[in-house]
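Next come two complexes built around chain A: one with chain B, the other with chain C.
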Partner chain A sequence: MTPTAQVITSLVLLVAAPLAVGVLLGVDRKLTARMQNRVGPPILQPFYDILKLLGKRRSLLNSGQVCFAQCCLLFQLLALAVLVFGGDLLVVFFLSSAGSVFLVLGAFSANSPFSQMGAQRELLQVLAYEPVLFIVIMAVGFDQRTFLAAQIDRMLLAPLFLAFIALIPVLIIKLQKSPYDIATAHTELVSGPHIEYSGPYLAVVELAHWLEIAVLLGILSLFWYDPNIWVSIAGKATLILVAWFVVMIIDNVTARLVRKRMVSFTLSFGFTLVALNLILLHYVLPGVGL
Partner chain B sequence: MTLSDRAKVRSPWILHFDTGSCNGCDLEVWALLSPKYDVERFGMVNKANPKHADILLITGPVTKKCEERLRNLYDQTPEPKLVIACGDCASTGAPFTDCYNHNHGVNNVIPVDVFVPGCACRPEAIIDAVLLAIGKWKEMSNDLPEEYGPEPDHEVRP
Partner chain C sequence: MDAYAWLLMLLMIVPVIGGAICLGLPSRRWIARVVIITSILLIACSLALFSLMTAGDINVVSLIASQVLPMGELVLVIDFALLVTFLLLGFRDRSWLVIVLAVLQIVPLAWFELSGRSDGQDPALMFNFLGMVMVLVTSIVGSLICIYAIKYMEHDKHWPRFFAAMLVFLGAMNGAVMCNNLVWFLMFWEATTLCSYLLIRHERTAEAKKSALRALTITLGGGLALVLGIILAQYYYGSILLSEITAGSLLEGLALLPLGFMALAAFTKSAQVPFQSWLLGAMVAPTPVSALLHSATMVNLGAYFLLRLSPAISSVAELQWIVGLVGAFSFLATSILAIGQSSSKRVLAYSTIGNLGLIILCAAIGTTEALFAGMVLLLFHAISKALLFLTVGVFKHQLGKDDIEPMLGLRDTSPFVSFALLVGVMTILLPPFGVFVSKWMISEVALDFLPIAFMLALGFGASVVFYAKWLGRAYAAGPIENRRAPLSERIDGHFKWTLMALIAGAVALAFLMQQVIVYLISPYLGAVPNDLFQVIGAYGTLPMLGLLLVVSITVVAVTLVVKPKAESLSSAYTCGEPFVFEVSGSYYIDERNDRRLTSAFNYCAIALLAALFAIPMLIDLTTITIYAIQGALP
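Then we have the complex of A and B:
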């Protein structure tokens, strides 16, 4: 591809990725409803929600709250931009983490008990998934000898299969699904860190969440690579859909767990799998001549 | 009708508040979320949070103790918002006529858009009321700033 075509492709991806996440969230709600023997909302429901929120009257508690929400959106957008332009995975990770921290700060800025508790639980979630995501990215870098997304030119799924599995709990937390919907626990905290946002500002927070999911799905899609671009795209899409479907099944068959178990399980499961993967890849498999 | 107007009426988020009801109407409101009635097909979600809500489903005759809380919830809901009084108590305070400790219906505390009769009101009637309210919302959505006037000047607690 010529450099111009590459830039255009990346820009199209930057716009299309959040829209695709919106559609996926709609499909998710529809399928969840079908699993519960309900009809469910239309596929485009998440877009209707966002458009409606944008049309509502603005009301805010303090200007800091809004500023933090916008910073959250900005940082997630930057993270996605770096990823689709083939940039450094570590930069993507740190920008996305900064976005999550701004969401927490926004929730802390409101003097409401639900918001404060939601913020603390969001911090706990960050504590649970970020080390796992970080160690998986390190494993990818170790295997590929580069952190640049554009230079990954081998299939990662086969050598790093266990590391890919370690990302499933991360996806559960990021998608706010049970058993780890700790921060936005509807029946306990109503909507946790989002509770004090309303109207257009809630739409900003929601869009930031879509972008956050898009970044994680982008990292998941890196695990599939094929020299033929169409095979590559089909493989990446299949990988994302399968991972999302597994998360949806887990969401529908489990109840919410307590905070402590989220942290201990995600960290021990993630670290063990990645360590096992690297040991197998570099010591056991070469030892038996594979 | 623009895209954003069309989107608005497809996503009415509800807040349910019990102002001293016998729980009869409350059970019927909750039945809406069950697979049998499944109001999520209209995009309705119970948000349990006034700041996210568009439609307030109020049950009960609004006792004096509840009055201030109901006003507070109403003030916290961002416009455009709609209020549905669910059941006979919420509409007129019927079984408690001449009682000293309540307000004889939601309409005496906050403006109501749709009244749902019945003791308890049927879930079908509540769905019907929500669709009526959505029809009203469609009409008002075009001239929002004039219709609602300035922001409330009294203090709204977070």
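Then we have the complex of A and C:
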């Protein structure tokens, strides 16, 4: 591809990725409803929600709350931009992590017990998934000898299969699904960190969440690579859909865990899998001539 | 002596003279003037040295002992005077440990000096750009802290001895980073130990005395390790010059012991696990002292020493792994422990130990990228940490406590303090500021040290938690009476301008990252990158400046645009009940678990330190055995 074509592709991806996340969220709601014998909302419902919110009257608690929400959106957008332009995965990680910090600060800045507890729980989620995400990125870097998304030119799923599995709990947390819907726990915290946002500002926070999911799905999609671009795209899409479907099944058959269990399970599960994977990759496979 | 030599001498002597004058002055007004004049001179000298060396394209200034007339023979006299002082302090405080540690240093050092083994080793002073980073940090950040202390200590009764110790501390630090001869280095090293003891003990409460004694004991133990390291270095390498040791080729077996002892000394100075207790105890000292110990002086010296020794340490795989693991483990352990702390000063103390652990990790890895990351972290951590400590100090000055819980609603009661806190935490935690750049580089180089990468993963996650928790508390809307309170009493000029200077420095230097690299860091590393991308180019590129601009413009624009109208303000959702509530923070680790975790971490670290000495001996034993077997075979 020429440089211009590359830039255009990246820009298209930057716009398309969050939209795709919106559609996926709609499908997710529909399928979940069907699993629970309900009709469920239309597939485009997440977009209707955002549009409706944008048209509402502005209402806020204080200006800090809004600033933090917008910073959250900005950092998730930057993270996605660095990713689709083929940038450094570590920078993507740190930028997205900064986005989460701003979400937490926004939640703290409202004097509501739900919001404050949601913020504390969100931080525990950060403690649960960030180390795993980081170490998976390190494993990718170890296997590829580069952190640049654009330079990954081999299939990662085979050598890093266990690391890929380690990302499933991370996806569960980011999608706010059972058993890890700790922060937004709808039955007790009424959507936790998001509760004190309304109207257009809630739309901002929602969009930031879409972008955050898009970043994680983008990292998941890197695990599939094929020289043929169409096969590559099909493979990446399948990978994302399969991972999402697994998460949805887990969501429907489990109940929420307590906070401590989430942190200890996610960390030990993720670290063990990635460590096993790296030992296999470094010692065992070269030993048997693979 | 040329201009460089004069400036180096001034950087050492100006603060010492300033301190001496403070001791003799009865009036506070005059002491304040002397402190300000000394600070200005110090800042001017350090900047002049930097500009001169940069303009002259000189990377290293070496001076032989005879060129440094006022110093020459004084070094030994001062060295023994310091050790005898420690001995006397040991007698006064009735601490046998201190007495034993002092005697154990005096005897070997006297034997070493009298036998003339250290004579004529030159150049005694060798100043490079690693030293330049340290001198700039010590002189500028340290001076700002001294100016801040003029206001902070307004109710203190013992100004002369307080400011004398503060200023001499700066001079000792500046001196230490110029030394090439380790005996000279030792003198400044012990001087910083004495200054920190005096400053921690300043308030003369029982707790202060106890903490000061603990700090003295641990850092004197480090001094003993340094003395042993120096003597063994002469024995194994035939030289006590840093430049000779670092140029050493592949070492093995017992010849690793001197480096092991020096690393041990650095660990005590930088308060790495298991030696962290002295730095935590040092929190009883007035806040400017904490700021000085944590950002501008003392703990940096250990990290600096290991960065200087990096070529030697990183050339031996065993040393590299052990020193690197001690650093990474300290980062991990302190990041976890910090989550459970409810005192902001203790959170900051743990964070300091962790960040120094990262610098030590960089020194152990020792590649160009790693040293780059270590130096960037040294610089930016110092600025942000000074900012955070001084911010907490303003809070403590007003309310008399430094707990995180009462900071609830600080945004409403004291916008300036909470803004300073925000900048401090953002620059130490988030992209695109300086500390982030070094975290990024450390992650890149950790690729060849994967077990360490797991420690980093957990440490990074935990540090997000404890900083965000604290900042969230300050930015939470407080109790209703807080919000109705008039906006903050006037912040005193000393506080305001030092904090402003640090805020400006932390942010502006992030913008000038490329210039910082080209003019301050690459002269030491030898590589002269055309731009930031080449340094980072081995792994990936990112237009940092663009990123910074986008972030800052957006943040500024958003704050300007979002001016809520009265009618759009609402109140929080409380299920329709008018109840008043106050949320308290979560700390997760209670005191019992904190103690358990601390001792578990200490045991792990002690095992690592034991390995530091056991492995060279084992290697030697194995080699001897193999030779013996080979000799026995026909």
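Basically, the second predicted complex is superposed on the first by the 290 of 290 C-alpha atoms of A that agree within 3 Å, B and C clash if a C-alpha of one lies under 4 Å from a C-alpha of the other, contacts with A are read in each partner's own complex, and residues count from 1 in each chain.
The rule is short, and it goes like this: a residue touches a chain if its C-beta (ideal position, glycine included) is under 8 Å from a C-beta of that chain, and two chains touch if they have at least 3 such contacts.
Predicted, not measured: the structure shown is a model, and the values here were computed from it.
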{"item": "First (chain B), second (chain C), both or neither touched by A:48", "value": "first"}
{"item": "Contacts of A:242 with chain B and chain C, given as first, second, both or neither", "value": "neither"}
{"item": "Partner chain(s) touched by A:70 [first = chain B, second = chain C, both, neither]", "value": "second"}
{"item": "Which superposed partner A:130 touches (first chain B, second chain C, both, neither)", "value": "second"}
{"item": "Touched partner set for A:36, first chain B, second chain C, both or neither", "value": "first"}
{"item": "Which of chain B and chain C A:195 touches, first, second, both or neither", "value": "both"}
{"item": "Contacts of A:275 with chain B and chain C, given as first, second, both or neither", "value": "second"}
{"item": "Touched partner set for A:23, first chain B, second chain C, both or neither", "value": "neither"}
{"item": "Which of chain B and chain C A:110 touches, first, second, both or neither", "value": "both"}
{"item": "Dominant toucher of chain A (residue count), chain B or chain C", "value": "C"}
{"item": "Common ground on chain A, meaning residues reached by chain C in one complex and by chain B in the other", "value": "57-59, 61, 110-112, 190, 195-196, 198"}
{"item": "Residues of chain A defined as touching chain B within the complex", "value": "29, 33, 36-42, 45, 47-52, 54-59, 61, 110-112, 186, 190-191, 194-199, 202"}
{"item": "Residue numbers on chain A that touch chain C, as the complex places them", "value": "57-64, 66-68, 70-71, 74-75, 78, 82, 87-88, 90-91, 94-95, 97-98, 100-101, 104-105, 107-117, 119-120, 123-124, 126-127, 130-132, 134-135, 138, 141-142, 146-148, 190, 195-196, 198, 267, 271, 275, 278, 282"}
{"item": "Complex contact set, residues of chain B against chain A", "value": "3-5, 7-8, 10-11, 13, 35, 38, 40-43, 47-49, 51-52, 54, 78-80, 141, 144, 148, 151, 158"}
{"item": "Complex interface listing, chain C residues touching chain A", "value": "411, 429-431, 436, 439-440, 443-444, 446-447, 450, 453-454, 456-458, 460-462, 464-465, 468-469, 471-473, 475-478, 539-542, 547, 550-551, 554-555, 558-559, 562-564, 568-574, 581, 583, 585-586"}
